[in-house]
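Here the chain labels run A, B, C and D in written order, and each chain numbers its own residues starting at 1.
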């Protein structure tokens, strides 16, 4: 459906990650190996953080990434220590800028690969569960954006894993109520500009592919000649829909039903389970 | 905010109406005289009916109409007996195809000039009032599209003036409930491919401009040399946000708070009043 | 590089040919089987003729064809007896409307799959050979458009096969002068709205794929149940970059180094050879 | 026709110059006061320099600047000490990215307001005068781009004022040869990332408007409370098609037939005269 990359670490020009690798995201836009669709040409987006700005920048376009000159130039000239990039294969919703990832709210960025099964049927119930104060910010028509607003509703700012678990729980229960099989399929990345949380989950336990990069120090020992590895710090980490190349030892599958946190200090990998909504007591 | 044209009558190439007049809609996209904004460059759309197709065609683009080559070609080559055209000046919502008018559902087309005041605040309540079976069809983020879906919800297919009155009534009452002054400002055109209904209304009684063309037979007597007039039938009628030229006697203001029906046989002009929603009896 | 379709025959809605076949051009935009590139997402175009208009219409967009709503609507509502459609995979030149096929000049449409090898080097010499009166009409930056203007320069209006042969001859000799191996690779379709000429040629004798449809009467005998076949006349003919489906007996390869003419009366298939430019005698 | 801004000085977020001023370039895109056209909605571009990159970045789009979200975000997040911005009103050539200014070649950026009169007629002769080694880099169809390539041909890298004078001289003489009245109308800005040259010239001596900002130290004395003035160095300078606001004493007209150089050390203002091409001696 889609492919994405999250980068956190030493500030680099975005192009070093988005364009230069052998099987870069740009290459994946034409020839994804592990995606459900081999072509991801229904728009793209990058989001990045810069010092001294209250919220991240995004550049989102409705054309394919592979020949977009603005993306090429911006990626070559903008350096950032934390950025997201996403290429889209629409599963039916309109090809429009407001349906391109990453989505932004305040300091937060969100991107998603996967789908809510039977979304047409579930859409209204899910949108109604969004905090009324946030509802007017919904601009597009994708399941991914509503998932973001549900996570915001459920406390993303305070407890990202908990908020995402409650969002997933609501999708599951809403799907069950409508008789939709396997309601949720997702890999999600979300960040506040400091930490990155990445989730891999699906109702059926067969989630879309997701990988994280090996610790740079270990990788540098294996591949002392790799140029990029010499330029980046030990804390640098990538989470990606599919490996960016064939460097042996570089990529590790995020386990089914789990999430990771890329942050200053120790990175974390934990189990992920949806949390069903609590039933409101009858008044 | 926007400008629009509705044409019904003798089949003509769209360009005769959209491009050729002295102060055509294309000219209005750059230099509107009566609009709130002089520039209407945030997208455009045309919708037209052809024999043997179940629903009308639309061509909608996010760029300005004035230099769009596809519009020029299609308008020159497509003939229709009933078509809508709209140029957009966004009041804040995204410039995207799904926010371009006319909106379509089945055989129906809808276009709007004006705004729901305080729409960000009212949006959720209004969206919730849309028939749940129709809700998934909402693709954009404009007030205009939600007004269309509310009218569909309230029986547009059976009773267009009644459905639009109930839609307007709901907008008024929802606005009042939120303390929004002057909630509704609208000129609306809607058609099922047979008849065209055009509405002019605003809470404050100072509605956006709207005109209808004089009966062709009368006009032809006044201007025996006008080429277009010779080519079109007596029943041909235009409803427009602003006159397409300075032909004396050609344009008549649609009165404040009224609606007209362009249809086979006698055309109609009537008073329009919003109909407040009935309060559901407690069960 | 690209894929294209030329249709001539019974007036049909464009969608019957562009969208409905099993391996339609729209499907080929995502999954070409015989193209050099499997993805053709760098813009598209259709050109069609309508009665009473001096020149054909074109609709050309820079996004992929597969999710374009305007294309879908126009194709569904426009009927024509002669139309071209093209999907583009850029080989480096800009993704812009003026680089999308078909190209138009007066009553003529032109589309191309292939490339002039070393075009950057040859571009200036070829452009200089264009009739100075036509030169200002060049709007894009592709080899394909310059090939069209060269053919116009060399008498396309009077003798299409001869003009295309002289164009090809000039490309060959210019390539040789610059030391470019295998200068020309082309399948080309050109029409004046009455007849369609289709060419398959490459310097190296390994041209891009090109097929023409079997005579409808023969095909109808083979497949009495095929719906489209019942609706079209015996003279209807398609020329395509690759077959639109697996209907046995439906598609015939255009031989290497040949051209065909689809026209009222007998269709023609002939050998094609470039004609070298005559050396101007020294003055 | 168009409007543009050139900024050189203290690194600032582009948005401080492009969006924040009272009569900013973005405002001018809708409501130019001094332009030939009040609306400049046929595309836009920004070009900026960043440390450690061999050539400047450009962001160019074919839609209007006023509602472009990518421009807004990039301008807010990118800081630069030297940038160009341009909004376009097409005088007939296609609305496409390769016709948007600024144009780039290596380290150079170029932008233009005005027109070559009778360009359709002169285009071929002017294109032929471009260095054959540069000719393949021409991607668009505007006079402005060809003017840039002519200046490059005539030694822009070594002597910008001389190269621009020779370009102007060639346009003048080519126009005269074709009987075109008043061939050239231009304000041009060009930069190598270190210095900015700005030209104001027209054959008829009635050139498009052009202004440069007053020395910051003098302006700061006049307006001690202006926030932007406190944040920028004394050497900071703007050259603009029309003033960005009504700050008294801030803007000075570039005299008719002159050019200025914004550079480290003393800024320069000199007379500008086209230099006719020298006739090649017969060999």
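By definition in this document, a residue touches a chain if its C-beta (ideal position, glycine included) is under 8 Å from a C-beta of that chain, and two chains touch if they have at least 3 such contacts.
All values derive from a computational prediction rather than experimental measurement.
S.K.: Out of curiosity, which chains are bumping into both chain A and chain C?
M.R.: A chain counts here if it touches both chain A and chain C, which gives B, D.
S.K.: Between chain B and chain C, two touching copies, which fits better, same or different residues at the interface, with half of the numbers shared as the threshold?
M.R.: Same-residue interface.
S.K.: So, what's the distance in Å between the C-alpha centres of chain D and chain C?
M.R.: That pair's centroid distance is 40 Å.
S.K.: Identify all positions of chain C at which a residue touches two or more other chains, and write them in rising order.
M.R.: In chain C, 69, 94, 97 touch at least two other chains.
S.K.: What does chain B use to touch chain A in their complex?
M.R.: That would be residues 93-94, 96-98, 120-121, 123-124, 127-128, 132, 135-136, 138-141 of chain B.
S.K.: Contact residues on chain A for chain D in the complex?
M.R.: Going through chain A, the ones touching chain D are 48, 50, 53, 57-61, 69-70, 73-74, 76-78, 97.
S.K.: Provide the residue numbers of chain C that touch chain A in the complex, in ascending order.
M.R.: Chain C reaches chain A through residues 30, 38-39, 41-42, 62-64, 66-67, 69, 90, 94-95.
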